[in-house]
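Take a look at these structures.
Presented sequentially are two complexes of chain A, the first with chain B as partner and the second with chain C.
Up next is the complex of A and B:
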């Protein structure tokens, strides 16, 4: 299926760097050092473009495309042809690309102070971006002498309201995990192992590590649970709600196989259902068994995809004893997902945050859980908007990978990531230096945190926790009444 | 041997003796007994509740009666030996060690069990099992003996989605509605001696059964058909 066309201009110096950089076999060289372009293999990862010393390479959409009509777009036609040839379920990766579903963050605008309630200068005044995630005690208790009883359940302290989202070892390389772990430690936040277990070399980062327990239980054991600041039970993810994981055998080699305890080279299946969870009571049992195994010292999170009934689902999770609900929206990324699921199932995170926050407040159980939102958080403004809608914090996956070089080519499922991220090929994984990667992640987060402080200062708010669920800080544009109602915000000008 | 009355001392009372051999009495549905235990030997009288031996990391737990659901959940090492029967979701995601059930197991036993090179999770069931036995098996060995010779050694969907490991059934009839991604074969003499006999002999000795009787008759193996990988279902875009 040809989607892109590779070209070069006269400035090409025939260094053949593009040949060695392209891991998809889209550029080869003939014996006399002439470049040969295999356009059908190109995935538009832009690696060759970035590394061409002469700036001579261009990747463009192939102009020889199917003729579209008002219903059938070019992808529709090419996918029909592919399925007619293979009989296969379409597999892709990264987040939903469906352009007709609005990014609602772009339809919300933030407030700022003018004249009254003056803004605060973050360069001069202290601005608090730290958040505490976990259950909050229902009441303050004192002993007979009036001393405060410390009844604070275990919680996580984030210096900035952004975590790194769950991405599994296997789906991504160990070097990416190293970069995320080191950055989380430096930033005072948390990274998340995803469902593929934790490599022993990362045990020293335990104070900043969230470990995941998914249906396949890959890499889960007592030491794993206790080598973490928190444990996340993964029920679903935004890119593929209701669908489990499928890790291609190509990525299951060496330490990935050992850490997951699945045989090398065989496709690993981790279906969506936990076969021991069929009710909130069953979920509560898993939550409590993890708490038991970790001596009630660590918060337990439950991650779900944002789906139609997310509000009552979240209410059930809050009552299961979980400390944190992680909600992953429609645009969340993935290392591999059936394309039809990725693009057609779930709801945007913006609606999910608002609906869940509202429901938990109405049921007076909002303080029993914290909410972490993810699925398409692209920048500091999205972060602030998510918090104003009702999230305690956000987590970022795709944005973090972009900081490490990802160009969102959506080819993670092939295992050939040219940027050394979504691959286990040692020749490719060494392209990512974990130390440099960590530095880039730290830079990104520091930049966002600075921007968050500026936005907060502009609103006259000096603590991010004061913004949580403060929907008066938002106004909508290009939204209908129903959308405004669910988001719980007013229209711009109101 | 120290005796712990769980109704008086609770789970914490058991924890205090983690490296010792203890007898736990009075069990009446208490959950999470032996959760994350690393050492020691525990003899349990009564009926423990769900999730016994979850994340078990070593040591041995012997149960006189039945265990309920989610026993040996994500167990990593050690032994859980149950003289009675087990409820649903037995040995879910088990990574290592041995689980021996003298009686029957409910639905979804051995789902997602694993192995890595020499490290194998072992599940031996003396009776029969419910449906979904060994679904998504990623490794390890499940043996079902059906010692009481009842009809249908296991229920529906045995081994669905499994991609490694082996389910041995003491029967000559393949389970009903087996997935077309699985194969069955009769177990030969060599495999019988090298794999099944040592495990069943150990199982029999724990419950003072006759190993010879447990090994009587033919065994059938259920395994993934490696020629049918799951990636064949997909077309990458």
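Up next is the complex of A and C:
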């Protein structure tokens, strides 16, 4: 079905670069080197546009449109037509797109110091962005001489409050994993393997690696668990709460098959639930068995999607012995998800952070666990707002992929990513140079960290922990009373 | 206009403190003279004093200073106290009518001790028992406000310039070994007596100059442990943090200073002694929610001692001086010179470096 229209202008020099760049077969060449456009195949990934040496290519929304109807919009109609033809579930990728759900980060504004207290210049004074995440005991302990005993369980130490979110090998290429791992090491933060196992070539990055244990248990073995700084139990993800995963056998080839420990060509199916977790006490058992397997030397994280009951769920997780709760909001990305689930299930991360932070405080256990928020963090300001609402740190997936070239065309599930990210096709994966990719990720994180310092300095805050849960730093605009109440913030001008 | 507690009001201030390490008791005259020098640092919307060692004849009883809006709130409070405490003595706090101080509430003083069987049933220690009861009064009895509730100490505060507050309370008639004073410059306030400083809980009193940028992070953290920050002031939240860290966690005040004005990570990393390095990073990590950022200088009074502390960047002035057995702290050197023009030593404590003084015969807290 045609969504976009490909055009070129006179400056085209017929180099046919776009033909080789388009991995979706939307641009081909005829025998006499004239371009043929197959508009219906274009996904608007912008690869051809970026690479055309003459700037001759244009991709636009197709101006042919259905008759306007305020109830049945264009997508509604074309999806009905598609489903009527195929009888299938609509698949999509990346984060939710429902335009009618606001991005609440954009409705919160940050504070700055004027007169009554000074702002702090980050170029002149130390500005601390380092965070420790993990469990804290309730009480201090002293030895017989009265000296303090270090009774803190294992922690993760981040130089900046941003991690790379879980993205699995199989869904994305090994080169992406390489770039993430190298960048995390240089930045002093962590990357996350996702549920597809850890390729052996990445073992040297173990100090900066978080390994995931998901319902399919792909690639999980003792060495895997111990080749990491922390272990994440994945219960759900924001893009598809309550839904498992399905990596088609076509992608289970070579190293992917070996790393996942799934025979070549066989579909890798992650069941919707963990079949050993049907209730909260089962989760506590899994947390404990992972701690046993790793000799209590590594923090255990539990990742859940932000759903309606997120506050009590988080409280249950905090009491299960987990050290860190990772909450993925409604707008969180994915390599593949049923479109209806992606766009209709879950709640925005802003509300989830606020509700969970508040609930854990009411239960007096907020200091016992750390919270990592994800799902639509786009920039440093979102990061600061998430922390002021109550998160300890955030993790970014889509933003990291954008740094590597992704243009959010939401076609990851096709496996044909023209940017060499969400694909296993060797012709495509080689488009991403892991070293250059790592450099770009480092640049991005350094830029955000600089901005975070500027924002903090403006507020007169010189350490990130003084920002955590500091909701007076936020004011709302275009929010109703209920939204303000749940976010726990005041309206602008109040 | 909203009352203090319904809205957060920022303020600049002056603070001053005198501590006699030899336990010598001096009248409130000196502290009044000292704070008066800094008249310009206040705007007449709040002043107050804390004195220690002022009730030697009742030193084993909790001394309650209470404000009432009406006789009804007094009666209700006294009924409440009667059920929980032995009231050894009660009286109005004697005041001197002055034109500078208006709209005074009813101001009462009680010397009490917990009823033994009630205390036993509660399974709490007497400090916890008493502090819970006082927090209850402030939270739930309309028009009643407990100003201070420690042993052998008391807080005297009002809306007005500090020197006028001193005259009003006849502070020159009290003798104590330790005094702190506060003059307030709130950016806007309808002038509520309870909103003046010092702020106190049990024998802990805090006077503070500054505006902390970590306020809401600190408030939400300390409220988790049963405190409720009704006044929305920095001083209140600092007092509760110190109470929590010392009384509930068992930290020393010096350790507290490493929590609330924690050294920078870079300073910790450069600390040569490994044990000390580990101890500092442990404290910072364990109590990260209680790190206070933004400008502050505080004087913390407690039974037998006083602590002076600046924020780690030293964004507010704080001067210390020593003469014989007496130690002075103040926002301005002039306020020390006016009462001791020839100190043995005068210095500006560094940011984040606590100066703690205690009675010579008592061990440090």
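Methods note: the second predicted complex is superposed on the first by the 493 of 494 C-alpha atoms of A that agree within 3 Å, B and C clash if a C-alpha of one lies under 4 Å from a C-alpha of the other, contacts with A are read in each partner's own complex, and residues count from 1 in each chain.
Definition applied: contacts are C-beta pairs under 8 Å (C-beta built on N, C-alpha and C of every residue); 3 or more make two chains touch, one makes a residue touch a chain.
This structure is a prediction, so every number in the text was calculated from the model and none was measured.
S.K.: According to the contact criterion defined above, which of chain B and chain C contacts more residues of chain A?
M.R.: Greater contact footprint in residues on chain A: B.
S.K.: Is A:276 touching the first partner chain B, the second partner chain C, both, or neither of them?
M.R.: In the superposition, A:276 contacts chain B only.
S.K.: Regarding the shared-chain residue A:426, is it in contact with chain B (first), chain C (second), both, or neither?
M.R.: After superposing on A, A:426 lies clear of both chain B and chain C.
S.K.: Could you look at A:153 and tell me whether it touches chain B, chain C, both or neither (first, second, both, neither)?
M.R.: After superposition on chain A, A:153 lies in contact with neither partner.
S.K.: So, does A:120 touch the first partner chain B, the second partner chain C, both, or neither?
M.R.: Only chain C is touched by A:120; chain B is not.
S.K.: Once the shared chain is lined up, is A:366 touching chain B (first), chain C (second), both, or neither of them?
M.R.: It touches chain C, and chain B stays clear.
S.K.: Considering only touches as defined above, state whether A:25 meets chain B (first), chain C (second), both or neither.
M.R.: So A:25 meets neither chain B nor chain C here.
S.K.: For chain A, which residues are in contact with chain C within the complex?
M.R.: For chain A paired with chain C, touching residues are 113, 116-118, 120, 125-126, 128, 130, 132, 136-137, 139-140, 142, 147-148, 150, 152, 155, 361, 364, 366-367, 459-463, 465-473.
S.K.: Using the touch definition from the top, list the residues of chain C that touch chain A in their complex.
M.R.: 8, 10-12, 187, 210-218, 220-221, 223-225, 249-251, 255, 262, 264-266, 275, 278-279, 282-283, 285-286, 288-289, 291-295, 313, 315
S.K.: Quick check on the complex: what are the chain A residues that touch chain B?
M.R.: Spelled out, the residues of chain A in touch with chain B are 1, 79, 82-83, 85-92, 213, 215-217, 220-223, 225, 246, 248-249, 257-258, 260-263, 266-271, 275-276, 285-286, 288-289, 292-294, 338-339, 413-414.
S.K.: Would you tell me which residues of chain B are touching chain A in their complex?
M.R.: Where chain B meets chain A, its residues are 11, 31-32, 35-36, 38, 50-51, 54-55, 57, 69-70, 73-74, 76, 88-89, 92-93, 95, 108, 111-112, 114-116, 119, 132, 135-136, 138-139, 161, 163-164, 226, 229-237.
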